[in-house]
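By written order: A, B, C, D, E and F. Residues from 1 in each chain.
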Amino acid sequence: MKVAVYRQAHFNAAHRLYNKNWDEEKNERVFGLCNNPNFHGHNYQLIVKVVGEVDPQTGYVIDLKRLKNIIEKEVLIRFDHKNLNLDTEEFKDRIPTAENIAIVIHGLIRQHLGKQYDLQIKLYETDRNMVEYPV
Amino acid sequence: MKVAVYRQAHFNAAHRLYNKNWDEEKNERVFGLCNNPNFHGHNYQLIVKVVGEVDPQTGYVIDLKRLKNIIEKEVLIRFDHKNLNLDTEEFKDRIPTAENIAIVIHGLIRQHLGKQYDLQIKLYETDRNMVEYPV
Amino acid sequence: MKVAVYRQAHFNAAHRLYNKNWDEEKNERVFGLCNNPNFHGHNYQLIVKVVGEVDPQTGYVIDLKRLKNIIEKEVLIRFDHKNLNLDTEEFKDRIPTAENIAIVIHGLIRQHLGKQYDLQIKLYETDRNMVEYPV
Amino acid sequence: MKVAVYRQAHFNAAHRLYNKNWDEEKNERVFGLCNNPNFHGHNYQLIVKVVGEVDPQTGYVIDLKRLKNIIEKEVLIRFDHKNLNLDTEEFKDRIPTAENIAIVIHGLIRQHLGKQYDLQIKLYETDRNMVEYPV
Amino acid sequence: MKVAVYRQAHFNAAHRLYNKNWDEEKNERVFGLCNNPNFHGHNYQLIVKVVGEVDPQTGYVIDLKRLKNIIEKEVLIRFDHKNLNLDTEEFKDRIPTAENIAIVIHGLIRQHLGKQYDLQIKLYETDRNMVEYPV
Amino acid sequence: MKVAVYRQAHFNAAHRLYNKNWDEEKNERVFGLCNNPNFHGHNYQLIVKVVGEVDPQTGYVIDLKRLKNIIEKEVLIRFDHKNLNLDTEEFKDRIPTAENIAIVIHGLIRQHLGKQYDLQIKLYETDRNMVEYPV
């Protein structure tokens, strides 16, 4: 009896999109307003999906309190109220697009889950834009 | 031309999470606040997904009025404004976690749909916690 | 420069609506499904509105961390994952309708705020039903 | 590194559901209120999902400004503030159910995307009814 | 102890904005896309606010089941799945803007409520546009 | 016949809360995480409320296209994808709390509206925190 469980969390961060191998003109053309050198920011809404068997003793796929703690430790403390470009190791050399943030968060949470679980990350950058990894 | 259609419904219920084969101390440790012997409750938001071919005569996968009636009869009348542990047959011997509620609802609706349809249940227990069955 | 600030919180609780001075038949007629003797429950969404002058030193009407702490201590610890009828002093002799819950929460928070602040409570019992006190 | 990106848009339109090969009585029985000959209408919420590899130069699956322009040109200009039955070529001979609208929108956007992308359309007709194509 | 209670409902309707005393060119200039002679439509979200004293016997301001019945009879049956311009008496000679629809709904519900109640109507025409009457 | 109309808009911005007359220790104590010197950010959701008489010729309080243009020119171009502290004149010497941003936006829009209109600004900084000016 495989079931998927979802848990939400939120963090607020500043970022800037630019590729340091490109000149300013090309960064402007590709990233537009998102290339503002003084940064802009978002309320990121994170949805973590874990798929696994329902434990007949508890009726749970996973204890959501444990999942909540993993998200807090690996994602919220690391990224909440931070500048993704300046304050984090993960985006020193990686452009902090929603796509890349989702891939990074997947790696950070994946290491805490046993092999019996599948993991997927959904990340809303705004109410209108969302990404999902893996597909 | 297979299309998925989704229909939402809501019900409000009380429940308590505990395993009657465990002592109080273990129930407390595993289920925490959800083990309150006097019960607590939720506004459950149910989303029923049905996948099938579009009928060229109607442009419908399934008549949503028929699906709405099935949900009303099998889910809302049975669970709305009820105590899942005390008032229902389904959770006399099954812990009413969101996972188990979704599996039970799947069985109740499945019997009314022909084999040409696939069925999936999504169930929000709170705005932040959701489950999905089957995966 | 008076500004209103709003802060949201959530709690999940079981309740039952009945008037102990009435017989069962009248309780049934007035409260219908909400009179289930085994209780049902809700995800209550609470919105606390505080009106006051903006402090020119901080740009704040009130430190929302302080307001969050008041809500946590006075409302969430008291009511979250509780049976309002059985587990709380406040509803031993008061019917736990949304109206009465809002009035009670207003009293619990009011005592922590100085006279320079106005306070209003909004309480969603479901997505479709909400109350507000005072008007 | 395949990632899914989602982009939202909205349009408001009038429509009527009826099958011109059927008599009035059968249209009434099958489509009920939706068969009103004077039309009714909806705020359609469209979610476009595009799956592809993340470009290591940009961190993007697809430039969302480009996707937004495709949606505007192919969907919003064509359907927003229109009567789907009377004002559009697409629904002259096709019943404008949510299922059929999703299939049509899929075709209109698909032609603008390279083969490296997968495309899925989600369409909310109301907050409670949604369709998805392909499944 | 005055409390405000809110109840939500939904209806889907077609409409067209135009002033029959103006020529086509002026209607076009003032109402733009909303002047489409073949109509367009919306999912209207209605919120009915009733203010009154809490009844100490019930803990209710008003029985929401009664309010729900009034809304159903006076608003939903009249306007749901209708063309406001063609199918209703109320908008034969009144432009069906959100403002006017709210004023009309206020009159329809007001007559069913005793003088001890204040009534306010909120009406969302889209997620982004809302009106409120009286102020 | 006075009616209130509401119009929504969104902008994404970076900011930092600190008082330049205070030392670092006091800024840290008062503003906590919001004092991050590298900035963090938000998706601000703006709701503009305009109250006025319904024009009997149009059925409108105000042409929402005109209001939308004012919001775009005065708020979105000025603040969207900006660093409020570094990129704007308005917050060079004013702490960009939600309270102060709402007061500033009120002034920017107020000048475009005739005296027959009342104006109120609501600003969500996150889904859980909102401010309103004037009260």
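In this section, a residue touches a chain if its C-beta (ideal position, glycine included) is under 8 Å from a C-beta of that chain, and two chains touch if they have at least 3 such contacts.
The structure presented is a predicted model; accordingly, all values stated were derived computationally and were not measured.
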item	value
Chains touching both chain A and chain D	B
Equivalent interface to A-D, taken from B-D, B-C or D-E so that over half of the residue contact pairs match	B-D
Chain whose mean Cα position lies farthest from chain C	D
Chain located farthest away, centre of chain A as origin (C-alpha)	E
Inter-chain centre distance, chain A versus chain E - centres from mean C-alpha coordinates, in Å	41
Computed distance of Cα centres, chain E from chain C, in Å	29
Residue list for chain D, restricted to those that touch at least two other chains	127
Touching chain combinations (by label order)	A-B, A-D, A-F, B-C, B-D, C-E, C-F, D-E, E-F
Residues of chain A touching chain F in the complex	10, 12-15, 33-34, 36, 38-43, 80-83, 86-87, 126-127
Of chain D, residues touching chain B in the complex	17, 19, 30-32, 94-100, 102-103, 127-135
Sites on chain A touched by chain B in the complex	1-9, 51, 54, 57-61, 63-65
